[in-house]
Amino acid sequence: MKRALLIFLVVVLLSGTLFVFGCKPKKAEAPDVVVWHSLTPAVEELSKAHIEKTFKKLYPDITVKMEHISDLRTRLLAAIPAKMGPDIFIWAHDWTGEFSKAGYILPIDEFMTPELKAKYVDFAYEACAYNGKTWALPFAGETVALFYNKTLVKEAPKTVPELVTYMKANHKPGEGKYGIAYPIDPYFVSAWVHGFGGWYFRDSDKTAGVNTEGAIKGLKYLSDNFKPYMGPDPAGDIQRGVFHAGMAPFLIDGPWGIPAVEKAGINYGVAILPKIPEIDAYPKPFTGIQVMWITNNVKNKEKAFKFMEWFTTDLPHITERATKFRYIPVLKESLEAEGVKDNPIIMTFAQQMRDYGVLMPRGPEMMLTWGPFGDALLSFWLEPAKLEALFDAAQKDIEERIKKAP
Amino acid sequence: MARPISRPASIWHTRLALLFLIPGIVFFLFFNLYPIFYAINMSFTNTSGYNIIGEINYTGIANYKELLTGLGSRFFYVVVRTLLFMAVSVPLKVVAGLAFALLLNSELLKGKGLWRGLAIVPWAVPAFFSILIWRGMFAAGEMGTINQLLKMINLRGVNWLFDTTNTFIAYNIVEVWLAYPFMMTMILAAMQSIPPDLYESSSMDGAGTWAKFRHITLPLIKKPLLFATTLTSIASFTMFQIAFLMNQGGPARTNELVMVHGYREAFHSAGLRYAYAASFQVLVSFMIIILIILSLKASRLTKEE
Amino acid sequence: MKIAGPQRAVFSLVITILTVLVLIAVVFPVFWIITTAIRPFPTISVPKFELIPKNATLEGFRWVLFESSFFLWLKNSLIVSAITVTLTLFLTILGAYSFSRFRFWGKESFLYGYFIASQFVGAFGITALIALYAFLARLGVINSLIILALIYTSGGIPFNTWLLKTYFDTLPKDFDEAALMDGASFLKVIYYVFLPIARPALAVVALFSFMGSWSEFILAQTLLGPENYTLPVGLWGLVGRWETPWNHFAAMAILFALPIVVFFIIAQRYLVAGLAQGGIKG
């Protein structure tokens, strides 16, 4: 009896172990270039179709696989050190500092030519540079602008006081009408901080400036002019819902918000953020550039670069992504293309970025800035009187974090 | 070849027990304990995203020192807030679970199967999704379904998620909603194993409903109930998803619970400082262990009857 | 004082109505998920209360069924959950039996250890994740559904063993002692005596391990590639940085939850069966 049991259990254990080690997934022919991204399924499909149509003909010897990864950051942080990462990944450009410092991405200067460089709009290319090296290639830009509901307002206001007049006229909270829908978040409010000359973190002199005079003035201006005309909960989804329901004539949002606005059946237009006449300046929102990096797990850097170059410069591909999904092109040629240059929505976002955009910093320090800034921002929204104290504390907190960072 | 069963602990029993336990233990060690020891070890180093493929140095208890001194009163605030959440949510969960179990186990209830199936639904929907739905329902002004319902019965709308106290109430509502099916299932299963003859004989003795509950049901489900309560207390202590997804422990961190705090400190704001994050996790685990030992002591769950 | 006749019928009606009312309140958020799923535009909150939105559409479900990778994810989830449940039941029955019926040296400390282990496994987050990833990468078993199922099983073992042990403890010892006295082996006793009696408890363990493996996504999304995504990973992937297609998301969540409800209704039969019909009264 005892022996039978023993044998039985040994068999179980052995087969379990065999199971574990015997079942290594079959290694299919690994593609030359594996790309990890978080694009939506429809956008991924579009890219895949263009890869089939164009890229395969141009480079029949390079095989490519696009993989949607749902929590890209965690996955990359685990996979790259374990040598299981992709060849290329796609995200907004502000990860450059962190990932280059960790050695997870490789510079691509050896492939760069002046002709290629000249194809991208200047600020998009600038977003790919850090510490004197080029790390990425850009394919789309994002920023926030002013959406307006054409059935509620005829045309977009040009200045903030004009905007305030419209908001005041429409703001009747008791009847479910608000002046504006505005997600209160560090990215979305950056326009006012920058407009008044403040900043979050600067790569140029590596300093944080969340309690500088400009930042404080900008935040005060934001709160004085917008808060009275907003719904009580400043969370993004809720604010957007107000605009989608036609309860507010304005919304501050980026191009990613367009599909939802269209599906909600709102007759909308987009304008650049209105001027601040008090200081004769425009608000300057953060600009994020969607870029592609090559990781240090890359199998064949040249092939990876070829794909990246094609992905960011193939005109029909970029243009279709712009016209169908409102990805704002940063390829000069595409901005001149039919369907793009005559599309007021795309061109407004392009103008907002070009004329009044501030590139998100690339330094890893920026990652330490978002959190304290966001906390101070919401605390300020709760207790407006504490503005200076809150941002002084945030500035200290950020400096402390930067000092302690490895 | 009958064997005496009530024999005191013998070598033979130990061996057989070990044989039965070994497969599970090996599995557990292999996949779970290794990463944990790795993390504990890491908490005494300066490992970060920047040197994980390079050179790592031991820094002693530096991370722990920073954790305890650097955060100071903030850490204390977070722990107190978490304990408060436990103190409020656990009794609510137990009462809700017990009430549902009694209701759904009542012999007077028609269509038990269907109702039990429905009662489990909050558990069946993936938590992260239902929390996001709750967040939409708790929206302020007339945007939130809850406020719309309150208006129908002529009550004023509440700014749920941008107010410290209201947020705390909202967390508790969602936590009870998410966790009562677990409590209910545990209790129901225990009630099922009470032989019906016990009730029949007590009915003959003239016992009322309350007396039956008090003298038959409660003593017999005591152990599973205590077990479930211990588990759900720990779940409250380590609750992350509700606070994080509803408003990140907000507004402005005023409802930050331990796990949310750790996550935000370690991964949002501290910049790939894995070792620092690990030390936080070790500290939280330590608190959990204390919590478990205390509740096991209090409930006498490990004692043989 | 057994209630009988018409009085009983009234009580029964009252209790049933009460149950239905409570359940309506409880299930309301789920109705709301359905409402969100059939709304023609992707918004999570709307200003007017409508249980059935204007221009309701099944577009969300159509998208999930025909345009997303729902069935691939479903298949992967089913594989992971099936392996997890089977293995968990097998391993925990043995463990719980030892804890409940044997007295052996070190049992108390074992129990403590098991219980504590079962509770803080989840507290280790990304650090443990990176360690686990590196460890599995070295073994070359990243991106495997079987490995994922093994990890889920192993993570749940202490908890499920504990759970089952508490139920085994409530079973009268006379049953199995009698069988053992008659000369049956331990395995036979477990198979012929414990499994039938403990069906409600086993149903609970099966339910727990199913729920755990069915909705876990942090590990899954770290370890699996897109062709092996499980449902929650796919679902979570719909949540965008700024924008989420709530109607698609809701539709998928409903289809996601259905198997669990079905599973519960099946497990339910065993829960109800229990001792009363188990036929071991004698």
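Every chain is named by a letter (A, B and C) in the order it is written, and numbering of its residues begins at 1.
Throughout what follows, contacts are C-beta pairs under 8 Å (C-beta built on N, C-alpha and C of every residue); 3 or more make two chains touch, one makes a residue touch a chain.
Predicted model only: the values in this text are computed from it and were never measured.
Colleague: Would you pick out the chains that touch chain A and also touch chain C?
Modeller: The shared contacts of chain A and chain C, listed by label, come to B.
Colleague: Just grab the chain with the largest centre-to-centre distance to chain B, centres being mean Cα coordinates.
Modeller: It is A.
Colleague: Which interface, named by its two chains, has the most contact pairs?
Modeller: Top-ranked chain pair by contact count is B-C.
Colleague: Would you mind pulling out the distance in Å between where the CA atoms of chain A average out and where those of chain B do?
Modeller: 35
Colleague: From the C-alpha centre of chain B to that of chain C, how far is it in Å?
Modeller: For chain B versus chain C, the centre distance works out to 15 Å.
Colleague: For chain C, what residues touch not just one other chain but two or more?
Modeller: Answer for chain C, listing residues that touch two or more other chains: 44-48, 126, 129-130, 150, 186, 236.
Colleague: Which parts of chain A, given as residue numbers and ranges, touch two or more other chains?
Modeller: Those would be 5, 77, 81, 176, 237-238, 241-242, 245.
Colleague: Using the touch rule from the top of the page, what residues of chain B touch 2 or more other chains?
Modeller: Answer for chain B, listing residues that touch two or more other chains: 16, 23, 27, 52, 135-136, 139, 142-144.
Colleague: Taking the complex as given, what residues does chain C use to touch chain A?
Modeller: Checking each residue of chain C against chain A gives 40-48, 67-69, 126, 129-130, 133-134, 137-144, 146-147, 150, 185-187, 218, 221-222, 225-226, 229, 233-234, 236-237, 240-245.
Colleague: Using the touch definition from the top, list the residues of chain B that touch chain A in their complex.
Modeller: Against chain A, the touching part of chain B is residues 16, 19, 22-23, 26-27, 46, 48-54, 66, 135-136, 139-144, 159-162, 247, 250-253, 264, 268-273.
Colleague: In their shared complex, at which residues does chain B touch chain C?
Modeller: Those in contact with chain C are residues 1-3, 5, 8-9, 13-14, 16-18, 20-21, 23-25, 27-28, 30-36, 38-39, 42, 52, 100, 103-104, 106, 108-113, 115-130, 132-137, 139, 142-145, 148-149, 152, 177, 185-186, 188-190, 192-196, 203, 206, 208, 220, 223-224, 227, 231, 234, 238, 259, 262-263, 266-267, 274, 277-278, 281, 284-285, 288-289, 292-293, 296, 301-302, 305.
Colleague: Looking at the complex, which residues from chain C come into contact with chain B?
Modeller: Interface residues on the chain C side: 1-2, 8, 11-12, 15-16, 18-20, 22-23, 26-27, 29-30, 32-33, 36, 44-49, 91-92, 94-95, 97-99, 102-108, 110-112, 115-117, 119-132, 135, 150-151, 153-155, 157-159, 161-163, 166-167, 169-171, 173, 177, 180-183, 186, 200-201, 203-204, 207, 211, 215, 217, 232, 235-236, 239, 246, 249-250, 253-254, 256-257, 260-261, 264-265, 268-269, 271-272, 274-276, 281.
Colleague: Provide the residue numbers of chain A that touch chain C in the complex, in ascending order.
Modeller: Of all residues in chain A, those touching chain C are 1, 5, 8, 19-21, 23-25, 38, 40-41, 67-71, 74-75, 77-79, 81-84, 176, 236-238, 240-242, 244-245, 247, 253-254, 256-257, 259-260, 263-265.
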